[in-house]
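Below are two complexes that have chain A in common, paired first with chain B and then with chain C.
Moving on, here comes the complex of A and B:
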């Protein structure tokens, strides 16, 4: 079973890698990350913050585009090319087919995120070199440089601040959380594509759910705290939102990491667990729907 | 022709999965939210006021989870407003950025600095727009207090940041000439995690300053600092034990402290 899933996954990955749209998107991501270092009108510590924000933003934005677009075209393309009939005529279960496709997309996302993260790390390293050179140039021209131990102490403090900001080990947490969010978006797209009949419908619906997901926590708060005051229709709407749409806003904890605040690993694991279980549920639902879809 | 049977068992199974998952999901999300609240990650609620201040594109950016990038773009507008001498717009934009990212020390610190230093000094020297010197001094003071307000709100949102306390201390010391408050701010800053060691000495230096000239208070603070240092710290160069000792000795002589009450009687 695992062998069949892996074969389908490998094939899905190869097909996706050959697609121009996804490659162009990835290129856009790399350009966005590289361009983030051109904020010369702000101070060096702000430049590092901006690079981190734009780098992670680009990984998130391009990643979600790749996730949704690659999943949305999976089933329609298979149906259009009629390859699905050939595959399902073989001893391959529908669940294996769907899971194989999903694993392929996850591999594609892993590859994309890894490539963008390497570019991001390179830009950060360059920014650190620039920052350290700027700090040194500032201190060298200060009267008393080289003689005053107090000045040396302050210089070391400034250097440590830049180095700590750039080589923040918490960036690993940030990238992992972004990746988990992308996998969830891909699973949502997979669920929609199992009952959708067109590529556009899947893309638009998934984007809608993704955006609403960022407001789910607000809807939940209103439903739980003011639910009694709402009309039946409003209450039902808020309840449906709270119970069905994933909470994407929790993942904005990445912003805290980028601001230099400490996010403990146990909280990150909790979020990763939430994402994994939610993805599992979405895949189970996708499989149930796909099983009775007429092909 | 055979009739197509509706797959009721499968639909029932889907409904069951949804019904089982929904309460677990709700409880899990409430737990996550509570954890984030305890960790002081308030997040940003897109209120009507915030919506009115942001353009449509930026609002969508915030709603799509790109709050940091939106804040960065707004921050670039602060620089543009500075170049156009639009002080009140700068103030409003700094408020907006800090509302979007209340946990970013950088924005609070630089926002306060922009208003309390850059704008205030510019306004004080701007004879072209305001020939009346008293009026200029009044305006400069106004912007210092606007900057101070930014620091204070920043500290409310980030109580464990030494940087904002240090910046507020510098403001009291250099712009307002209030050395007592400066000493208090530096003292608070030095006790917070990540604070540079040199901040430990600042409260005592403030009190011994020629303008504050409270030598007894300075002496108390130097003594307090000396006794707070562990034996190992007293040997570290970073803690400037020589400076602490020389200041204590000097003040003991100046204040004519009886030999038996001195820290260093010899």
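Moving on, here comes the complex of A and C:
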């Protein structure tokens, strides 16, 4: 069973890699990340903060495009080209086929996020090098440099600030959380594509659900913050919505990391667990619908 | 006594498609009873939309019946054990255009659980069988229609199945390729395989099928062995070598009259080649060194 899922996953990844549209998207992401350092800011710490915001934003945006677009075209293409017939006539269960396709997309997302993260790390490293050179140049031309211990301490403090800002281990948490969000978006698209009849419908509906997922907590804040004002209907609607649509806004915790605030690992693990459970539920629903779909 | 296990069997198999916007239901297949014995070559005939492809899809478990049941070697079509014993070539097959011929066969072979040297040997064997040596390293998007059909046949046979479903295997293929597919079906028959195929080329069906079923408007209207169905029991054809001169013809007519065969019931005609036979004979003669 695992073997068949992996064979389909490998083929899905190979197909996506050989598709030029996704390569162009990925290239666009890499260029965006690389270009971020050219938007110069006054202070070096602001510049690094900008690069980090821009980099994570680019990974998230390009990643979600890859996740939704690649999943949305999977089933319609298989059905249109009738390639699904030859596969399902082999000793392959429908659930294995769907799971194989999904694992293929997850592998593609892993590859894309890894490549964009490497580019992101390279840009940050370059920023660090530039920043350290600028700080050193500032201090070297300061009168008393090399003689005053106070000046040396200030220099070391500034250097440590840049290094800590760039080499923030919490960035690993941020990338993991972005990745988890992308996997959830792919699972949403997979669920929609099992009952959708077209690529466009899948893309639009998934984007809709994705946006609702982002606005869900805002609606809860507005309607339920003053408990007495929220009607029973509003409460029930929000409860139903939070059950059906994952709360994507929880992942804005990435912004806290980018602002330099400490986000404990247990919080990240909680969110990763939440995304794994939701992905599992969305996939189980997809399997159920696909099992009974006429092909 | 145990009932025989058929290679494929349907009992009252029915498939309906509701057309919600027209508020009516299309009956694609109506109460089909069919038994195909192991080792048989069985032809499904009928015009477009008569239910041939629906029958094949139901037997493969690709679609589900509204009524009745389909069985493959006594098992349900969804049973993986049944799937291990069947191969399928869909009508106008499309495969992943980005894969080469070898990669395609590796992909389907791995799905069937084949690996390593065994898979490589099987691929080599099939490439020779379908004469596709020049397509091994080429992506399928550059294949001609005939080549796609041949790689389709190879993938259907990759796991050496006992039962092959071929949906219009000769559609869009030139007469040469069509004849190769016919020879392949005959070869599979000699190997003891069961083949169920649909085709519009009646002459080809006649050449390879043991039995046929004719479909019309979702119903099986005729079924039987070709010998039974095609033999004119009311007449006998006598063939003699060479041209019959008028004198000899008169003599034969006199002899037949003595035996009681007279008038319009006695006919003399020259045997004719089929156009396919003529084409193949001509093209093959040209290709001889």
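Things to note:
Operating definition for what follows: the second predicted complex is superposed on the first by the 273 of 295 C-alpha atoms of A that agree within 3 Å, B and C clash if a C-alpha of one lies under 4 Å from a C-alpha of the other, contacts with A are read in each partner's own complex, and residues count from 1 in each chain.
FYI, a residue touches a chain if its C-beta (ideal position, glycine included) is under 8 Å from a C-beta of that chain, and two chains touch if they have at least 3 such contacts.
Keep in mind the model is a prediction, meaning the values are calculated, not measured.
Within the superposed three-chain model, A:18 lies in touch with chain C and out of touch with chain B [touch as defined at top]. By the touch criterion defined above, A:54 reaches chain B but does not reach chain C. Once the two complexes are laid over each other on the shared chain, residue contacts for A:46 go to chain B alone; chain C is not touched. Among chain B and chain C, the chain that touches a larger number of residues in chain A is B. In the superposed pair of complexes, A:256 makes contact with chain B only, with no contact to chain C. When both complexes are overlaid on chain A, the residue A:91 reaches chain C alone and has no touch with chain B. When the shared chain is aligned, chain C comes close enough to touch A:82, but chain B does not. In the superposition on chain A, A:243 contacts chain B only, with no contact to chain C.
According to the touch criterion, the shared surface of chain A, contacted by chain B in one complex and chain C in the other, consists of residues 292.
Note for the complex: chain B touches chain A at residues 7, 10, 13-14, 17-18, 21-23, 25-26, 28-33, 35-36, 39, 41, 43, 45-46, 63-69, 71-72, 75-76, 79, 101, 103-106, 110, 196-198, 237-238. Within the complex formed with chain B, the residues of chain A that make contact are 39, 41-43, 45-46, 49-50, 53-54, 56-57, 60-61, 149-150, 153-154, 157, 210-211, 214-218, 220, 224, 242-244, 246-253, 255-256, 258-261, 263-264, 267, 270-271, 274, 277-278, 281, 284-285, 288-289, 291-292.
Chain C makes touch with chain A in their complex at residues 57, 60-64, 80, 83-84, 86-88, 90, 92-96, 98-99, 107-108, 110-113, 152, 155-156, 159, 165. The part of chain A that touches chain C in the complex is made up of residues 3-4, 7-8, 11, 14-15, 18-19, 81-83, 85-93, 292, 294-295.
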